[in-house]
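Structures follow.
One chain, chain A, links the two complexes that follow: it is found with chain B in the first and with chain C in the second.
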Partner chain A sequence: MWTRKASILGAGGVSLVLVGMMMSNFQMMVFGVAFVAFLAVNSWITGHGDIQVVRTLSADNLYKGDDLYVELEITNPSWRRTQQLEIYDNVPHEMKLRSGLNYMRVNLGPGETTRVRYVLRCPLRGHYSIGPISIRYRDSFNLFSQEMYVDHRSDLIVFPQVREIEEAMVRSRTPKMYTGATTLRTPGPGTEFFSLREYVPGDPFKIINWKAFARTGQLIVNEKCRDAVTDVFILVDSRDISRIGTVLKNPLEVGTVAAASLASYFIKRRDSVALAVYDERLSFLPPDTGDKQYFKILSSLAGVAPKGAMPLQAVTNALSSRFSRGSPVFIISALEGDGTTIPAIRDLAGRGHEVIILSPSSVDFERLVSRIPRTSYEVLKLERQNRLTALAGFGARVIDWMPDVELSQALLQVKMG
Partner chain B sequence: MADDVAIQGEGLETLHLKVLRRKWQILALQITATISLFSMYIMMTRTYGSCDIIGSGSWCPALDHTLTLSSLQQFLVLQPDPLSLPIPNWMTGVGNSGDGRYWMPLFVISILVAGWTILGLQTAKLRRRVNMGILGFALLYLAGLFLITWLIGMIFNFELYLPFGQIDPNKNHVEYLVGPLLLYIQIFILVFYFLPVISGLLGIWGMSKSKISWAIGSTIIYLGLHALLSYEGVRSTIEVNLNALPVQIGDATTWGGLLAPEIAPLLIISLLLMVFLESGFATIRYVEYAFKLPESCKKDPEYVSQFDNILNVHLQQTVGVTFFVGLVTALALKFDDLIVDLVSIFEGSQWSEQVKESLELQLTYGTVISAMIFVIFIAGLRYIIPWPRISGLIEKGIRQIRD
Partner chain C sequence: MAVPSISGVGNWLSSATGKRMIALTLFYLTLGLLFSTVAGTYITRSEVHQSAYGEDWNDMSAFRADIKNQGITTTSIVSSPLLLEEIQSPRDTVFVVSGIERDTISLPRFSADSSVIQLVEGLGYSTSEIEAISSFVERGGTIVVLDDFGYAQGLADEFGLGYSGHQLYDTQTWDPDLDFNYVWLNITNGFNYSSSSGSRTNTNPCIADQDSDGTPDFLEGIVVPTTEELGLCSHRWDSINANYNMNPGYDLLLNQPSAFDKGQAGENADDNLYPIGFSTQDAYLDTNNDGKLTVGFSGTEAGSDEQGPFAMYVKYCRSRNCDNPDSGRAYFVTDGSLLVNSIYDTEGVESGVYGEFNKTPDINDNRRWALDLIAEALMSNDGNASISPDAQVIFDESRHQQPSFMGDTYNLLYYILIYFTNDWMAMLLMFLGLFVLFEFIIIKKLDPEPWRHVFSIIYYGYGDSRRYEYYGRANKIKQILLTRVRNVNSLTREEFDALPARDLQKMVNDPVLIKFIFEDRRYSMEEIIAVIKRIKTWGRR
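Coming up: the complex of A and B.
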């Protein structure tokens, strides 16, 4: 493609030739012919964008606030010079350049390789993709340029931050309901023998009972007792209303951090953790334990976005058959804009569940972005306090979580009915 | 995977502005631009710096400042109270002939631009002080003596009076303004004639795109004005004694028989203008890019080596492209002769005889149209000769031999 400069030069050259012919002025004509000749000669040395690009990331998964190291290896495999090549690695706008630059101007000879290195900070959780690589090549005199993409993408997940809450859980009243490890008499991942069963495809070889196989000629596997304390259910409110506040500080953001931290804490204790996220629909991860479940939970929390307005009672009704009897249920919600909160929690508590509500104070989050008159603020706070007190009255343990309070500190403030 | 990603390295060479100013490739580009600017100006003065009636002492709007300064000097000498111009002739080049008229002013301009560029590297405070100092001195020199003598005159004579039109010549203090005004007029004339060089040098060494544009613009305006004023249609109405360019060109005797002597300087001016334009702008473009890089990239050896690559290739291409543009233009202007020679192969036919004797083909129209056809043919050659591949292959071969 001709650049503006080339167009002006070309048009100017032809115009000078024409005017020169009209005025019988050789200087103009020579100028014109020389300008056009300049374009013609330069058209011989246009560059190309046939390059090989390999992107290496320091990690595919990282936590919110972590740094990501990116390296782009660019090779010119052809026999031609690339001429002036501008390389721009498209980075999600949520990420911030911390060091280096995702842009470089190169002029690669045949077979030459160069590297672009930069560091990104990931301040927001989510599923991201780095790339494609935008390329623009042009000649040295900036007369002809061409733009193209190299469709090379690298996917990564930024998990919500996981806070250390062990001390808070020990000191608070919340964990007291779990009095220690009790082996569940159900099959599952564990250490203690439960029973023998027939091998089914997908079972790992290491659990095959070779003695039984030798004896019977059939593949038999050892089943273990599920080695968990209990099932912990975490319900995260991801409705549209939970976006109140700033991009980095809003009920949903702090809620995901809380959910991730709780999941981490309970999975480390070898409990089974289930996650339910409700926005315009319900996403449910059945209870399980281990690193795989932990990864699934973090991955699910990374992709949570505020949308929809599903009521809590619809969630509890839908999950009622899946809740293990007497299992604790953590509800992380600002408790705003949902008239079904009280009946839903009353039902849960009535069914014998230990309900712990971690409620980020949406009024205070809203105060971070807009000025609320003092009287209105006081009224809103009072309404919220009444709501929380009512919930506590149904036997739920309620935590009123202020924006400037750390999660571990918030967990110590259990409000009892 | 984490171990595969290294952090940005730091080399001995960096892309900081102080280093870039001393980088040989940047200096080479700046010197190329400067030499081409000076050469272009000198070549222009040789082509456009003379009047039609030589030696008559009459003024014409040629690109020669000495004509205007001499005319002004003559006018001042003829006044009842003869005056002279403050800047001496040895400094302005008045009285010299040929290129000697320009060397001294160009030298003085170079010194002043060098001073201005060095001043540009100093702190903003010092720059402001020097600028204010120069401005203050200029104002004081213009009006200082006039105002002081006028005020003292009024105090000692115990009366208020105007500083002009007085019977007592001692009370006509306005005459103190004549000397400074003459100096400023002389400076203005010099600046007007040397504007392409002044703004061009300031643009190259002060890294200003707008000043380079001013240099190009003023050059084109001079050439355009000359073309207009020497145009036959205008000359029949207003005769300004300009030495017009030849309308007909003679036999090609220069550049190995490729160019007519009348065309050679015109082509050289065009080529020098392009070299000046490209080198000047390229210097700024590359330095700007390096300047905008973050600190870590300025130290990164990969960025430094690619920056060197860009500059080296630009320098090579400046030489190559200028040579080929000159050659292609010269060949293009000679293409009409080639057509006539080709047609003469078909000797004997009526058509070939007609073409051979065709005046249109050998006159301006034929020359230029055939030149444009040749240039288009050259542009189309890229689809026949894979030049980038050939040059890449040569480059790869050279590298392998070197390794």
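Coming up: the complex of A and C.
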């Protein structure tokens, strides 16, 4: 592509030739021809973008607010110089450049290598991709430039932040009926040793006791005590209305933080945690425990985006067969724009579930971006109080979560019916 | 090297790069086709006529060779006669136009008349070219225009002449050894400019004889002149008989000649336009274009041809009677074949130099006439027979088909270039174009944007301001108050709806709120605020 300088030089050269001919002025014509010749010669000696780029990330998964260290290694494998080479690593605009630059201008000789290092801060959860790498090369006089891409991408997941809530859960008035995994004196899937028995076909190889096999010559397997765990269900409201507020502070963002923190807390206690996210449809992760489940939950929460308007009762009806008897159910929702909230929670409570509602105050989040008239704000708050009071009246534990209150503080404010 | 699979090619074709490449290829193919179609019309090799650089019987190589042998530079213009304006010494230059085979390309130009801009040009040459030729003559140059049915009309108009455009048949002077197309133009004295001027042979250095001793002035005192002493008049010297020809008359042999319009080729001394050569009275112009001589009463009968005599050779001089040897001259003859090899060099024709030619023209004075006018234009008339070192003869090849590959295309491009650097209109257009080009570059041609990372997540948010007004209405507030009363008293919706008004008043137990519930009227903002405050405190009691 011709730069503006080259275009002006070219047009100037042609103009000088023409005007020179018109005025029979040979000096002018010589200048014009010199300009055009200068352009022609430079067009033959432009650089190139034939480079190899390798990107290294400090982590593939990280938590919201963490720093990501990125390093680009750029090598010129050609026998020609690159001339003026600009390299730009395309970074999602949701990420903030904390130090260094994702851009470099170099002139690499044959076989030369250079590195670009920069640090990104990831203030927003989500699934991201860094790349491709944009390359622009020019000639020495900046007359011609060419752009191209190296389609090298690095995917990463930014999980929602996980807050420490153990102390809050202990101090809160939330009933302590789910006390984590307890060992039962019966064989089954668990962690503690129970007994030895003979191998039967179908047993996994990993539970074979090889020492006993060496000693007796018979295949013996280890049996574990069955862990009795509590299934904790976390329902996250990801409907379109949950995006009220700013991009960084809205019911959905704080809701994902709360869901991740609760999942972390319960999985650490070796409880099984199930996650249901409802927006325009229902996404359900069946109850399970362990790091794998924890990773699944965080990945799922990282990809949550506000959309749709699925009513809560449709969710509870769909999951009614999957709810374990008496298991606690956490509902994280602003409780806005859904007329089925009260009957759904009444049904859940009626079936013996311990229902805990963590409700970010959408009215107060909205105030961060809109000037709500004072009277309207007060009436909206009154209406919300009515709704929370009604839900508490059906036996649910209701937490009215204000934007400026930490999750651990909010968990201490259980409103009993 | 890996052979690409069909699916790989299909994928590439459906990709953005593939589609772009296909579109680009098709674009350039179409462009190439268009260009070759246009250029093809100029690429076709054609038979060349009346070219000074051709060696055929109908070219003029013998004439050019004679001039070169006399030490005069010969050259040609293949683009446009506009270049005549660039000639520094027009007095030492002869411009020969023999056969104008092509019309000009009409390009717009400024005109001096009321139309301001002239879009369509005249015949043969553009107006700018005609002005350039006319200016060349005014500056002392000599032009020779030989044409019959071509496009010389535009140029002839400039000098007050009109080509009739019809073939002339002369029943008296046609050559019976050849055929009726060959006509003799007999001129007793080529220097009798007008009826009153008498013979003005002194205007031509070859036959200028002030003392009337039968020897031209520039050879006075020389018995046997050398070639150098003869200068440009060597064609009149008979070296065998050691005799110098002083005859001012010419017998010119013409092939398929035309003639000037009668009304426009009369003797006009005011315009210094001198008709010198005429057809006989028994000559006819084929005005009905039937290819035959149709004799009618006085040539006025409908369908008959026009009867002569007609002017066929006209000389124009800037000075009266061509007295000033430095003034410009223009020679117009109504036959483009006057100087072609088959007539000009009869000996060469007989010896077969110009290929097969089945006729043997008689000896004629065409060569003498042509070289006389060259001598008149380029040789001094002061008795010294001196020739300027800048003397040159230029042949106009711009109106001839070019035999070389893409020669006409080159000529066309060169013509356009000359047009844009010589014509005021074109120059204005060019300046305008250059101005627009620079403006376009400055406005539209942007350098690639510098890359930089922009962090942009905090600049947007979401709210629902449409509901705020609804939540300020008294009815909505009343509804919220009643819900609050129902919740505090743990009543179902049905129980609450069935509640008597008296019981509801007892439950509320606040006269202001009771009045607010039961009274249906408009409330001021202050009243609404007061009610909301009471509702907030009501539930806490």
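To be clear about the criterion, the second predicted complex is superposed on the first by the 371 of 417 C-alpha atoms of A that agree within 3 Å, B and C clash if a C-alpha of one lies under 4 Å from a C-alpha of the other, contacts with A are read in each partner's own complex, and residues count from 1 in each chain.
Just so we're on the same page, a contact is a pair of C-beta atoms (placed from the backbone, for glycine too) under 8 Å apart; a residue touches a chain by one contact, two chains touch by 3 or more.
On a predicted model such as this, the values are computed, not experimentally measured, just so you know.
J.: Could you tell me whether chain B and chain C fit or clash when both sit on chain A in the superposition?
T.: fit
J.: Would you sort A:79 into first (chain B), second (chain C), both or neither based on which partner it touches?
T.: A:79 sits against chain B, while chain C stays out of touch.
J.: Once the shared chain is lined up, is A:99 touching chain B (first), chain C (second), both, or neither of them?
T.: A:99: touches chain B, not chain C.
J.: Of the two partner chains, chain B (first) and chain C (second), which one does A:263 touch, if any: first, second, both, or neither?
T.: neither
J.: Which of the two partners, first being chain B and second being chain C, lies in contact with A:158: first, second, both, or neither?
T.: In the superposition, A:158 contacts neither chain B nor chain C.
J.: Using the touch definition from the top, say if A:62 reaches chain B (first), chain C (second), both or neither.
T.: In the superposition, A:62 touches no partner, neither chain B nor chain C.
J.: Kindly classify A:21 by the partners it touches after superposition: chain B alone (first), chain C alone (second), both, or neither?
T.: both
J.: May I ask you to decide whether A:298 touches chain B, chain C, both, or neither, giving the answer as first, second, both or neither?
T.: The answer is neither, since A:298 touches no partner chain.
J.: Just to be sure I read the superposition right, which of the two partners does A:37 touch: chain B = first, chain C = second, or both, or neither?
T.: first
J.: Across all Cα pairs of chain B and chain C, what is the smallest distance in the superposition, given in whole Å?
T.: Least C-alpha distance: 6 Å.
J.: For chain A, what residues appear in both contact lists, the one with chain B and the one with chain C?
T.: In chain A, residues 21, 24, 97 are touched by chain B and also by chain C.
J.: Sort out for me which residues of chain B touch chain A in the complex.
T.: Touching chain A from chain B are residues 1-2, 4-8, 47, 223, 226-227, 230-232, 245-247, 249, 262-263, 266-267, 269-271, 273-274, 278, 282, 285, 289, 293-294, 296-297, 300, 302-303, 305-307, 309-310, 313-314, 317-318, 321, 324-325, 328-329, 332-333, 364-365, 368, 371-372, 375-376, 378-379, 381-382, 385, 387-389, 391-393, 395-396, 399.
J.: What residues on chain A touch chain C, complex-wise?
T.: Listed in rising order, the residues of chain A that touch chain C are 1-5, 7-8, 11, 15, 18-19, 21-22, 24, 86, 88, 91, 93-97, 102-103, 123-124, 134, 136, 145, 147, 243-248, 250, 366, 368-370, 372-376, 378-380, 382-383, 385-386, 389-390, 393.
J.: What does chain C use to touch chain A in their complex?
T.: That would be residues 86, 417, 420-422, 427, 430, 434, 437-438, 441-442, 445-448, 451-458, 460-465, 467-469, 471-472, 476-477, 480, 483-484, 487-488, 490, 525, 528-529, 532, 535-536, 539 of chain C.
J.: Would you tell me which residues of chain A are touching chain B in their complex?
T.: 17, 20-21, 23-46, 48, 56-60, 69-71, 78-81, 83-84, 97, 99-101, 104-111, 114-119, 139-142
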